[in-house]
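Quick one: the structure is below, and I'll ask about it shortly.
By written order: A, B, C and D. Residues from 1 in each chain.
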């Protein structure tokens, strides 16, 4: 998210991956575990309009710090050292553009011999339509958003030779939607502060980890996310020290300690609305059954109205 | 009931040119003057003011995936441009890409009450409607991009002319209905698909993979389909080679190809460049204006350049990639499967830059050389050529040739060699301004109830205090009335009513043809059943009738 | 029994939209085509429901909402956070709530 | 010489924004006027007097125009945008201290938070302690960070010191975190100790001088160029000596020079001081 504010991101929808991608690089992600139908629907075995052979029509490369079922199923597995995403992407940029580099031919980058990266750079340029699908192994590696910024720069520069795109492997249901909605209503996808009555933005300053670490907030309302599963322990401890309101359809560790627990109808099961896919394609999720409880939308509106009329 | 009294009314649609008369509003409509003074009447005393119909914006980028990509990509655009929450308004920020709420307030504060988002790919149409719903005050609609759509190109590849036309008509109706859109948009026909194949820019007769159809066939086919369906608005065309010196050739050739059909050519400024011998920019405005003058079936909007920051965003992905190479700054791109693409690149236009100075002149030349104000409209292709908040300044440029001269002095002096603006003396009248900012747009959009103040028109009115400085005059209306309610007073939003979504009444269009449905199910990443936008996204959509 | 076709899965960012979900007596009984995690998500969607509570004391939803409003209004810098598994419509409400409160707003993609 | 002295009464429960507390604003004001200045504490509009004891008195010539006392770690934007005068904080400060500053001097006797001197255009900041991430950096989305002035941090700094800076001088006497000099367009960052990984990443122009010696964790897009004793270092040394923080490495020292980042044109340099 932050990275695209510096270099932007060249991307495409998943159907383009399916129909056109002849080179797919899974970088720091393991869709076979975390996004189980991704490869079959969009990115590997699926038959596309211009990749009629499906899996055989694509070259699949996996870059990761450890072997996984995704790396095992790839045509090539490049096992890198943790903390080397930035170096690797930097090197690939130079190799793709044919720039002079400052290391010897027998050197390793990210624990991988230079010639392997040279071959990958050539494969990237030779592809007709390549994509990098990147996951937490990139965004949570040393460097965080700078890794994405550097990958973004690589992707951009490869477009001087061929079509080449990057897609983040976004996790939970509608996290993409939260970026979109915040984007059109506040101008910023994350980390917004309204203390002055208008939106201000500064990740690190106004994002959840920093706010909790510095004890800058004195109450919290958490919606449709389990902080126990997402946040580090000291952040959870900081939440436990302040009044915390929790909207959640299921019992979990957080419902055990939150100051106020409000059960809600699960979205896409007992409440309808819009979800955004990882490639920003919006789809309508449905109400299949009734719930005894209101939806998140209804609860939030009630809270808002209670405050407005107080 | 509301009475706007004592104002000089400029209602070109009803041939009212500055006469002092009352305008009566009731039930969201303009009504005839009641026989007896009604008991419950509120009065706006517009003495010393001009009374216009509410403004109509027919080409702007305000909602949807690429606009939001622009917002998210450019926090630096928002930092110094913000509005706090008030009792009646939401907070917001952004200059060239404001948030949805701020977009609505800022348009309303200029006297606009109707707004169209100009380019929506079907796959992300829900997103566009979600944002349009969050644009307050204005009635809104959007256009569906079709010029690189696989189903469209597949149908057009049919050698049987009659079958091709019939199938395309059905497909266009189905796509418009599925996306709940208002009009057919064509963006760089064939050029976006070509880019996905590493192809270069396409000319009118370039065969575009994978279906081998030409931009000519895409243009003429879709224009005919729009005509035959009787859509209220004709095809809305962004031509090939946007922004490239020498593109006047493809512009004129495309007009030739469409001659005899209704067509709207958008942001024509970007398509009216001659090439100098060194390959740089010179004005092609006289030739393009002449072509528009000769073809009463054509309309256009100008896409006037505004000096300062802009954010370019279009479905014309290859054009954005080219722009990105000018500065090597941020670039966002999104190829959209089977349909389209999108690109976003931030820009800054400078009067000292010869190219920008030429572009600035070309826009004004078009506005001044096209004789019929009913067929040329004021736009900035917001935010591509600049933000819409510059409209009052552009109005002054059109109405005040001294002001134009002052500005010409500030430009790169070499611009005189490449443009004719300094030779043009025409000054727009208030009536002509009312035409190029609302009446003409409403007419070409087929919105019978918009852009005029006759009985039965929507009660959308903008009242401006007469001032010699037309920029100040149009920057802060005394009142803006939307649907009979005062929403702006002295340039500030005082009530944020909800606008209504606008669509076209296609009845129940035939389902997607079996072969196209099969193609869709095979190659789209979503099921056909989940493709069409549901009613929930366009609550109480106002459907404008078609006249096939 | 009602069979819902082409249902959009809510589990991960893939939003697979070809699920078949069978519902009997307002209970989801069968989920086809989903991955293992997605299927579980639907099958367990209606179980393990928490009760509305304030400081561990069971209350009605209305009372919980009132207490939530009171706590948030009192705060000098309340945080609105999460939003990963809910609808855009709910997310929009959360944005307005943060704006109204003059607090902070963040989602799970900031780290 | 008049000095406005503010002494913190109690730490606010959430962070406060104190961009009003600069010599430009308080100069010439009475104590009562200073007390009435607005202070945003979380979402509440309060006043300086709610949180500080305010004294305005005549002081010796060397005294600052504005003196703040107490642990101000919860106060953001101290010294932001100041253009003149001398401001001293006796204690820690929060984020954005001295950001967008264009003149005068800001002295912090304590640690500083992130974005110290971000977008700074002129003047001088001395921190007797550590500073956080993004010292002298650009805010999100912006192309250019610090454009002028001098920043000295006697302790260590976090990541991204000097990120996207164009002109000016930053001297960190201790160590620097990852990506020091990130995407610099010009100016100088001096690291007295050792920088962590990726020093100079995406540098376009400018200099990162490392006094703590090698080895450096350089990116593959940096190449060794030469070993030399640059005159430029004499100028930097002289300037740092002038503000009372002469580096222990002398003005005539030799450096190994590495050029990069070749992905951005390769006109930046990372210098590593040689022992002896």
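Quick note on the criterion: a contact is a pair of C-beta atoms (placed from the backbone, for glycine too) under 8 Å apart; a residue touches a chain by one contact, two chains touch by 3 or more.
Because the structure is a prediction, the values reported are computed rather than measured.
Novice: Centre of all protein Cα atoms: which chain's centre is nearest to it?
Specialist: Chain nearest the overall C-alpha centroid, as shown: A.
Novice: Any chance you could check whether C-D or A-C wins on number of contacting C-beta pairs?
Specialist: Between the chain pairs C-D and A-C, A-C carries more contacts.
Novice: For chain C and chain D, what's the span in angstrom between their mean Cα positions?
Specialist: 44
Novice: Between chain A and chain C, tell me the centre distance in angstrom, where each centre is the average of that chain's C-alpha atoms.
Specialist: Each chain reduced to its C-alpha mean, chain A and chain C end up 20 Å apart.
Novice: Averaging over Cα atoms per chain, report the distance between chain B and chain C in Å.
Specialist: 38
Novice: Just how far, in Å, is the C-alpha centre of chain D from the one of chain A?
Specialist: 33
Novice: Among the residues of chain C, pick out those that touch two or more other chains and give their numbers.
Specialist: In chain C, residues 8, 17, 75-77, 88, 92, 96, 99-103 touch at least two other chains, as defined above.
Novice: Would you please write down the residue numbers of chain B that are in contact with two or more other chains?
Specialist: 73-75, 79, 85, 90-91, 130, 134, 526, 530
Novice: Spell out, as numbers or ranges, the residues of chain A touching 2 or more other chains.
Specialist: Only 1, 5-6, 14, 41-42, 179-180, 185-186, 189, 194-197, 199, 201, 203, 216-218, 272, 274, 276, 281-284 qualify.
Novice: Viewed as a graph of touching chains, is the assembly arranged as a line, ring, star, complete set, or other?
Specialist: Drawn as a graph, the chains make a fully connected set, so complete.
Novice: Name, in rising order, each residue of chain B that touches chain C in their complex.
Specialist: Contacts found on chain B: 85, 90-91, 130, 134, 526-527, 529-530.
Novice: Can you name the residues of chain C that touch chain B in the complex?
Specialist: Result: residues 5-6, 8, 17-18, 88, 92, 96, 99-100 of chain C touch chain B.
Novice: If we count contacts the way the header does, which residues on chain B are in touch with chain D in the complex?
Specialist: 73-77, 79, 329
Novice: Which part of chain D faces chain C closely enough to touch in the complex?
Specialist: 13-15, 41-44
Novice: How about chain B: which of its residues touch chain A in the complex?
Specialist: 63, 65, 67-68, 71-75, 78-79, 82-85, 90-94, 97-101, 123-124, 126-127, 130-131, 134, 195-196, 198, 210, 321, 324, 330-338, 344-345, 522-526, 530, 534, 536
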